[in-house]
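One chain, chain A, links the two complexes that follow: it is found with chain B in the first and with chain C in the second.
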Partner chain A sequence: MKTTTRHRGLQNFAVLRKAAACCSCILFSVVCLPAQRTTSRENQVKAVFLFNFTQFIEWPASAFNSPDAPFIIGVIGNDPFGNYLDETVAGEKVMNHPLVIQRYKDLGELQTCHMLFIGQEDPQKIKTILDVLNRRHTLTVSDYKNFAYSGGMIRFYTQENKTRLQINLSIAKAAELNISSKLLRVAEIID
Partner chain B sequence: MILTCTAFFAYEYYSFLRTTRIQLSTLGKVIASNSTAALAFDNREDASTLLSALKAEPHIVAACLYDEAGNVFSTYPEGISVDVFPQRPGADGYIYTGTYLEGFEPSVEGNKKLGTLYLKSDMEAMYARFQLYGRIAFLVIVGSFFFAFFLSRRLQKTISDPIHSLADTARSISEHKDYGVRATKSNVDELGLLTDAFNQMLTQIEAQNSAITAFNQQLEQKVHQRTAQLEQAKDEMEVINNKLVKSNRDLEQFAYVASHDLQEPLRKIHTFTEMAEKKALDQEQQKLYFQKIKSSAKRMSELITAVLNYSRLSRTAEEFADTDLNIVVENIKTDFELLISEKNATIENKGLPVIKGISLQLHQLCLNLISNALKFTEQQPVIQITSRVVSAEDISRMTGWVANGNYAELVFKDNGIGFDQQYAQKIFTIFQRLHDKHSYAGTGIGLALCKKIVDNHNGFITAQSEVGKGSAFYIYLPV
Partner chain C sequence: MLKLLIMRTHGRFEWIRLPEFCLLLILVVSTEMLSAQKNGPFSPRELKKLSVEELMNIEVTSVSKSPEKLTEVASAIQVITNEDIRRSTVTRLPEALSLAPNLQVAQSNSHDWGITARGFNGAPFANNTLADKLLVLIDGRSVYTPLFGGVFWDAQNVLLEDVDRIEVVSGPGGTLWGANAVNGVINIISKNARETQGWYASAAGGSFLRDYAGVRYGGHVDTNFFFRVYGQRFDQNSTTWIDSTESHDAWHMTQGGFRMDYVPGNSNTFSFQGDFYGGMADTGNTIINGQDVLGKWTHRFSENANLSLQVYFDRTWRDLTASDFSEQLSTYDIDLQHHFPIGSNNQVLWGAGYRMMNDEVENSISLTFTPAERRLQLFNGFVQDRIMLVDQELYLTLGTKILHNDYSGFELQPSVRLTCTPSPEHTIWAAVSRAVRTPARFDADETTPFITTRNGEFDSEKVVAYEIGYRIRPVQYISFSIAAFYNEYDDLRSINLNDAPPPALLFANDQQAKSWGLEFSGNAVLTKWWRLRGGYTFLDKRFTAKSPAVFSGSDLFEAIDPHHQALLQSIMDLPGNLQLDITGRYVDMLPGLPSVSPQISAYTTFNARLAWIFREFEFSAAGQNLAGKRHGEFGSREIPRSFYLKGTFRF
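Coming up: the complex of A and B.
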């Protein structure tokens, strides 16, 4: 927040605008780096995985209002990715749909999205969220241990320091999501 | 064949390179496409599994996956050092590097590049294939060589052999000049036709040859004939020439002798006529001279008659006829009846042969010899006439003359005055007298006539004598 203020304070000095821009960039990155470090290597990988899901899973056309409507990745509950997720998807498109990140503090904020990362450990809360999303074309992803066994679609887990996937194929199919066999190859299928 | 193989190899080489590249590219595309999820979700096990599927393709010696950042993600085969791979992925596509085909294939999902696949393939497949091709080519070449060999053997049998036999025949013909030889016809084809033509030619040559030979023989025969005729003519000419030479010699002799012998009575007549003129008064003397002139004229007349006889003998060309010499001698005995009884002479003759000849001349011959025997004697003449048959060899041995066939030998042997054997040849020459004409009458022509007659009958005459012991005349006449 401090940097933003300083940035605004320098705005009026037209002569120094360009130099200031450069400086702000440098300062921004310097200030931001500690924040990024807070995003663990594991979570960075997960953020990239979230983006990669868009490459291996096909959403039905009916999931979008228009051909150029945004593809919304939602994050509910704890957000372990920080800015890293935003940076990962920045400028990317899925089938001509620009990628957009939306964050929801609780169920009350939840809106229609195409992919939802659920940062919750409470089975009850997860069930509530999944119930809300029922019958919608939303890919649900979570770290929760029994996620794939309790109505969720994809669960991240760690094995030998690697992030692995558990996929409940029938739930995904029920949501009319077509998961590539290639993705299935690298995942543990739960039925 | 080798050119075809080379062309085929070249074509195969390039098509194989292209095919290999396409195959590798396809394989790369499949693997790269399949490896996207492994790259995207950082699943090295899956990537390894995917790459290990390359085992099915033994020519892939190495392969690796680079992640999005260009770091080596997974390698193949298991346990291979990372150093063998390029540190960073290069440009997409495949290139041949020495004996390897290597290249990069992007691993793309949707339109997002997730990594790069590197493949390295050796060319063993190609070499194996080329080895196979090489073997096949070798077999084909060897096979076709043998095929060609056997084909040429067969062709040689049907083409070369007849030509060889034709050439052999031609050679043997030219060596032995035997145009009766014929080439054997082996097949009914062009060579058979050639053989036929060759044989036909030989037949013609043979025919012409025999015609030429016949003509040659004819020619030779003619030449022989002509030569023989010429020889005969030459012989005849020689005979005639000899006769001419002889008659010429005779003539010369005759002229020489005539100048002496015929002039002698003339000289006497001349001398005595002159003397008679001088002694016109002495009648007695004149009478003597006239007597001498008369006897000289008579002698002259005798000489001329004898010469005429002799010359007539040269010209006669009468036919030969069988003449019985016994009758001839009997006739002569009758002619000399007076003289024989006067001299009390004895003539013994018996078993004389019949000779082919001119009877008048034979008569003359015997007459002259008997006359000589009666004339040249001082006692009672005894004349023995004998005959026998002798061969030509005997004549040659006895006289040295060249004769042929059998001859009748007539011997007139007397007991007269004889002559020296050295004159045995000379006595047959005309006007050769051994004795003074006053001692013994004669013209000197008698024996010359005898020789002439014997010559006319193709015979020989010779004499053997010793002074005072009689003489023997040997006459050989062909029978």
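Coming up: the complex of A and C.
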């Protein structure tokens, strides 16, 4: 008796989730269109930087299950890019890995990804996310002020109206990520 | 389409045809518009083509958002970008200024120009033009001379490749910018050393520009410390007199310099730069040389609070060997600026500065300044508050500048500005401001056999300016702006007949003037391969003499300006890595001032450039002033039609 109820409860939950997903799809398309148009130039540039990171950083082969497994770019927390990031990576590949965007609402949804943009300002939440990712081959990117000083790898910031990068090289190295000198020479390196 | 325009025009196209051309243009373009919306310059496809360095050079916030620009929003500002310069035929700084639709730029000989905003291009002479109501800053260094209040344009050269942008504000910038910003401010801003990494080498040769060579190398010591060094040299041929004989004003200039940028962390930036130059002009066998160094420190307290300190030294020397006149000017300057918010509705900007100018002349028989050596000191302070009256929509900016100079003592330059932005696409602004031009040595110290100033007493020239403007961005890649102004000038320089000669003439402050006009400009990214920018300016004025002694022609001595002028620059990427760029310019008739400057007839001229990009190389062929064999712009000399070939390497 008890099990049946629980089972039905789960079923109901699944239906609810589907309905919610459908609703959010419709809502998303409505909300997203204007949102996409208002993706600021700043975030457009950052989105293209995320794509460039896949070209200028080398991931170890062990980060992929197979030679043609997807390269996953995750976005957790606030997503400032809208559709722009999807348009940026559409049809693109790294070696043989097609680029795929995944969005995680919060930590509970977080899955294995090769790059993670953290749209968070709360240092405690950021620390938890970084702790979860520890020892995985995930490049972590954020706008958060002390990101590169508190366990993160790449931080975006704006200086004189232009996008700049801070890179914590030792943390990236610990995750076996090999960053090209082309990227390093334009970034501020933090050890 | 461009062919059509040229075909119709038989070499010298008529301005009257342009409206038709514009109509046609709109028709063709409207079909392209939708795709332009989708695939504009910031589409993922376009941005992905850029290198990491180029991506880092994109300005990510609009001008109005960055705190240091707040003051300029409520003004008639035009920006010439590095790309606008690169995609034109200009080879030198004054030519680049002709790309600003709100400036009156008239070339008077091979090495000098009359450049002003809202009129008052004064009489052209062999070595300088008496345009004295503009403040010109190169990376914060003022380059107008206290000798006559204007700019020796031949000495102002920069490596155009490393110019980030040129901001041109028409209208008084007196509150913030200091003395001499009566009719406008030109701000030439060079790139950070970080943005000019690697090699640039360019060489050109042609008919008017005889030869040009420029090279720059940018490197870095570590990831926070960047530098660049550059050098350039050019030889420019002579213009001709109206009867087409050579006018012997060929010249050449060699210049070098450096810039270092050090960014140790998030809150501090340091920059240090310098230049040296030397050259010679055949006009009066003039020898020119100079050096300058400038250091700047900026500290950021937060997103909208910062402090900057700037110090510079500038020495410039010219010797008119033919007439035995020489001038050496040494300038020492220190400026402090502090910007901070009070609560959420007030943005305060205040600053203070001190400048010492040592001006030494060696007098000739015909040009004499007394005393020959003069030390001029200029103190200034300013404060401005930008108050948000309605959230994100209505701003009131109140400010004033106080300055003290050796000739006219204390001067007050207040302004009130109101900005309304009902939506991000629309800005309406209005301003009332007062500005002064402090006396120059030419006004007060000149003691020639023909003209002097009684007891050296010359007051500052004053203006009260009323302005109103509207800026609109109807769709993302198209913007227009319009500004109208009404200026009332008092105590303008006059040439009076001396009732007790000698000398026969006197400088005095006995003229008044009213001027009014309209400035329209637009910028449109029509398709991903075609961009247009340009504008139209209307200008009119009326002088009144305050004394019967004022010599007739005194008004033209101060202001020889066109009523109408227009500019259209077309920047086009063609298939096969080709670029086709055309700039057209129309300037209305200029009145003549007997024995100084003949009447100049209205002219339309255009410059064209065809370039081919091959990897790191760029090869271009350019033609300047193609509409006629030659034309006069200012004074008695004529500018020839000319061509040059250029090769550029960037790595």
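Going forward, the second predicted complex is superposed on the first by the 157 of 191 C-alpha atoms of A that agree within 3 Å, B and C clash if a C-alpha of one lies under 4 Å from a C-alpha of the other, contacts with A are read in each partner's own complex, and residues count from 1 in each chain.
Keep in mind that, in the parts below, contacts are C-beta pairs under 8 Å (C-beta built on N, C-alpha and C of every residue); 3 or more make two chains touch, one makes a residue touch a chain.
Bear in mind the structure is a predicted one, so any value in this text is a computation, not a measurement.
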item	value
Three-chain arrangement built on chain A, chain B and chain C clash or fit	clash
More chain A residues in contact - chain B or chain C	C
Partner chain(s) touched by A:45 [first = chain B, second = chain C, both, neither]	both
Which superposed partner A:84 touches (first chain B, second chain C, both, neither)	second
First, second, both or neither for A:159, with chain B first and chain C second	second
Touched partner set for A:188, first chain B, second chain C, both or neither	second
Contacts of A:178 with chain B and chain C, given as first, second, both or neither	neither
First (chain B), second (chain C), both or neither touched by A:128	neither
Steric overlap of chain C with chain B in the superposed model, located at which of 255-263, 525-533, 615-623 or 633-641	615-623
Footprint overlap on chain A, comparing chain B with chain C	45, 49, 52, 56, 162-164, 182-183, 185-187
Residues on chain A engaged by chain B in the complex (per definition of touch)	45, 49, 52, 55-56, 94, 162-165, 180, 182-183, 185-187
Contact footprint of chain A on chain B as seen in their complex	34, 36-38, 40-44, 46, 109-110, 112, 114
Chain C to chain A touching residues, read off their complex	42-44, 47-48, 50, 52-53, 55-61, 66, 192, 194, 197, 220, 223-224, 263, 266, 269
Chain C-touching residues of chain A, taken from the complex the two chains share	40-42, 44-45, 47-49, 51-52, 56, 84, 87-88, 90, 157-164, 182-189
